[in-house]
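Next up: some structures, all given as structure tokens.
Heads up, the next two complexes both have chain A, just with different partners, chain B and then chain C.
Moving on to the complex of A and B:
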């Protein structure tokens, strides 16, 4: 059963306030107040001096891989929100692998699940490791640069923050074992954001709630068994609505970083996991859900259940 | 042990422009996206780079490759970006493909991405017994990346239709490979398809028939050559290629 072995993260110290986006996205003072008070979006992490390669590298460095661990890594999967993030043929993934002596690993990107691609990568890593030698490991990388308008701001919804996470995955292990994974692909939202936003917002909370309850059910559990939800940091009101629909207490959704980091692409899940462990919110044996959704010319709603 | 095998392989070229290329609104958005993408590298998009848009849309290229019958899994493999760099193409394909399959995309691994996609698809064999791999490459890069780059000569796409009740396939992707010759020694195959990265080894391969893929099509060349074979008479087939930039040796065996 796929298990998380260790998580490394990097969040830069700089922040950009939501107000800094006002001119570029023609946000009115009223809209800015709604973002701060209603969606609880205040700022986003920002790393103006770091390249994508450096950002990912800092997350891998935070893992403090031993030589023995590095040698056991057979796969490196880079999960992305945006399919294209650097000019071709630049390849930050392989640059990071070279920097950390991981050339012996098969490294590739997986995606087209928008911000839910991180969960896809964990699931795929586990699948590959299931037929690898028992001591083999996989490394899942997440994190992107807010390099263009649509990678900085989702109208009426969220602002993206820069950061990265690196998650070491094993085929089995004593903790953070994956019990289920559900991905609901909604390719009908294959238009420009302004074209699909209305319908996407209409179904968003039901679809994300359905992914969560389906994953919990697939794990043979009920929502009352779930100690914590680790969400994507899209905004607070979205999770208020999801919780209301599925009947789950909002105070058990870890929303600590929404107002500060912003939505750190596919890295939210791992950043929030780190915080949950640091705050003592997960006890041995606790079941928890990692959930994410995203739209970017195609929408995906995903959830994964783990046992800590 | 469940495994997918090859039922059918098809290929296409795309000589006409993408419909999306004629969309002025899309061209404007693409210009913004690429300008912002290039700026951190100190690169710029030439003023006439997108007049007209010359590249292809992977969504458009993939649709005619989709199976007529339902499938459970669809994986898209590509290397060169298309003219919709922010689009979740594989998710769109789930919407239009019979069977509304689970789907995802594999990239950032040069020509090895299609082989890795096959490896990943094998892990679904027990639960997703009908599957299709689509690999696409388009030939236009509307900017100078400032580093050496090899682009395909033509817009091309292939589909491998896979099923759990076909003779099982196996795939290996060997990273950081210098041992190309050793790895290709002892290939037990009636037909060997060699990609452009291995064309120089054609005389060293022992097989009834050795087929050289179009070296001008880094991603799709070997699969196009596979699609040209008569699968009923080709016997056991090995498809092999080597990515010289990222140094992956890739070998897929069918039958």
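Moving on to the complex of A and C:
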């Protein structure tokens, strides 16, 4: 049973306020008020002086891998929202592998589930490790640069923040064991037509809620067994509506970082996990859900249940 | 949660009128013949964020704060359903 061994994170100290996006994205004062008041988006983490390689490297460094652990890493999966994040032939993933002595590992990117790709990478890492030697490990990297307009702001929805996470995964282990994984792929939302966007908005909360409840029942549990949901930090109002649909208390969804970090691409789940553990919100044996929705070419609604 | 049986009908009508008055401003286009049966998303193509803008504009116009704790997508179905929600969820005046 796939297990998370350790999580390293990095969030830069600088912030950009939502108001700084107003001119570029033609946001009215009323739209800015909506973002702050209802979406609870206030600022996004920003690392102007760090390259993507440095950003990812700081999260890996936070893992404090031993030489022995590094030698056991067979796979390095970079889960990201955007298909391309640097010009050819640059390859930040391979640079990070070189910096940490991981050249022996198979390193590749996973991106087809957009912001839900982090969950896909954890599941894929577990499946790859299932046929590897029992002591083998995989490293899942997440985090991107908010380097274009599309990577800074999602109209009417969210603002992206910079940060990174590195998650060490094993085929089995005593803690943070993956009990289930559900990914609902909705190819019909491939497109940028107004009707497609409208329909996506209409089904969003039901679809994300369905992924959560489906993952919980696949794990043989009910929602009342779930101590905490670790969400993607898209905004607060989306999670209010998901919670209302599925009848789950909003105060058990860890939304602390939405207002401060923004939506840190695929790294949200891991940053939130770190916070949940630091704040003592997860006790041994607690069941929790990691959930995310990804939109881009098509849409993905994903949820994973773990036992802490 | 609002209970529509206890809503002051005068207040509700005032909210309906105010919503209809605000629609062109929020949607940034002319809106003719809006009434309480007008559907916000289907007839007017309102997005969820524009709906929230409308709620903020209503707060400014009514000079009252609206509790959004229980607000869901269903409340934005029609002008009338939004008026039901708003009239039933105005926070007490300080």
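The definition used in the following text is that the second predicted complex is superposed on the first by the 305 of 308 C-alpha atoms of A that agree within 3 Å, B and C clash if a C-alpha of one lies under 4 Å from a C-alpha of the other, contacts with A are read in each partner's own complex, and residues count from 1 in each chain.
The criterion applied here is as follows: a residue touches a chain if its C-beta (ideal position, glycine included) is under 8 Å from a C-beta of that chain, and two chains touch if they have at least 3 such contacts.
Values in this document were obtained by computation on a predicted structure and should not be read as measured data.
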Ask   = In the superposed arrangement, which partner chain does A:33 touch: chain B (first), chain C (second), both, or neither?
value = second
Request  = Considering only the touch criterion stated at the top, classify A:274 as touching first (chain B), second (chain C), both, or neither.
outcome  = neither
Ask   = Regarding the shared-chain residue A:156, is it in contact with chain B (first), chain C (second), both, or neither?
value = second
Query = Of the two partner chains, chain B (first) and chain C (second), which one does A:89 touch, if any: first, second, both, or neither?
reply = first
Task = Could you say whether A:183 touches chain B, chain C, both of them, or neither, answering first, second, both or neither?
result = first
Inquiry  = Which chain, chain B or chain C, ends up touching more residues of chain A in the combined arrangement?
reply    = B
Task = Using the touch definition from the top, say if A:205 reaches chain B (first), chain C (second), both or neither.
result = second
Query = After superposition on the shared chain, which partner residues are touched by A:263: those of chain B (first), chain C (second), both, or neither?
reply = neither
Task = Determine, under the contact definition given at the top, whether A:237 touches first (chain B), second (chain C), both, or neither.
result = second
Key: Doubly contacted chain A residues - partners chain C and chain B   = none
Inquiry  = Under the definition above, what is the set of chain A residues touching chain C in their complex?
reply    = 30-31, 33-34, 37-38, 156-157, 194, 198, 201-202, 205, 237, 241, 244-245
Key: Residues of chain C that touch chain A when the two form their complex   = 41, 45, 47-50, 52-53, 56-57, 68, 70, 72-73
Inquiry  = Can you tell me which positions in chain B touch chain A when the two form their complex?
reply    = 25, 29, 32-33, 36-41, 43, 59, 76, 79-81, 84-96, 100, 102-109, 112-113, 116, 119-120, 123-124, 141, 143, 145-147, 149, 173, 175-176, 245-248
Task = Within their complex, state which residues of chain A touch chain B.
result = 51, 78, 82-91, 93-94, 103-114, 117, 120, 124, 127-128, 130-131, 145, 147-150, 183, 185-188, 190, 192, 296-300
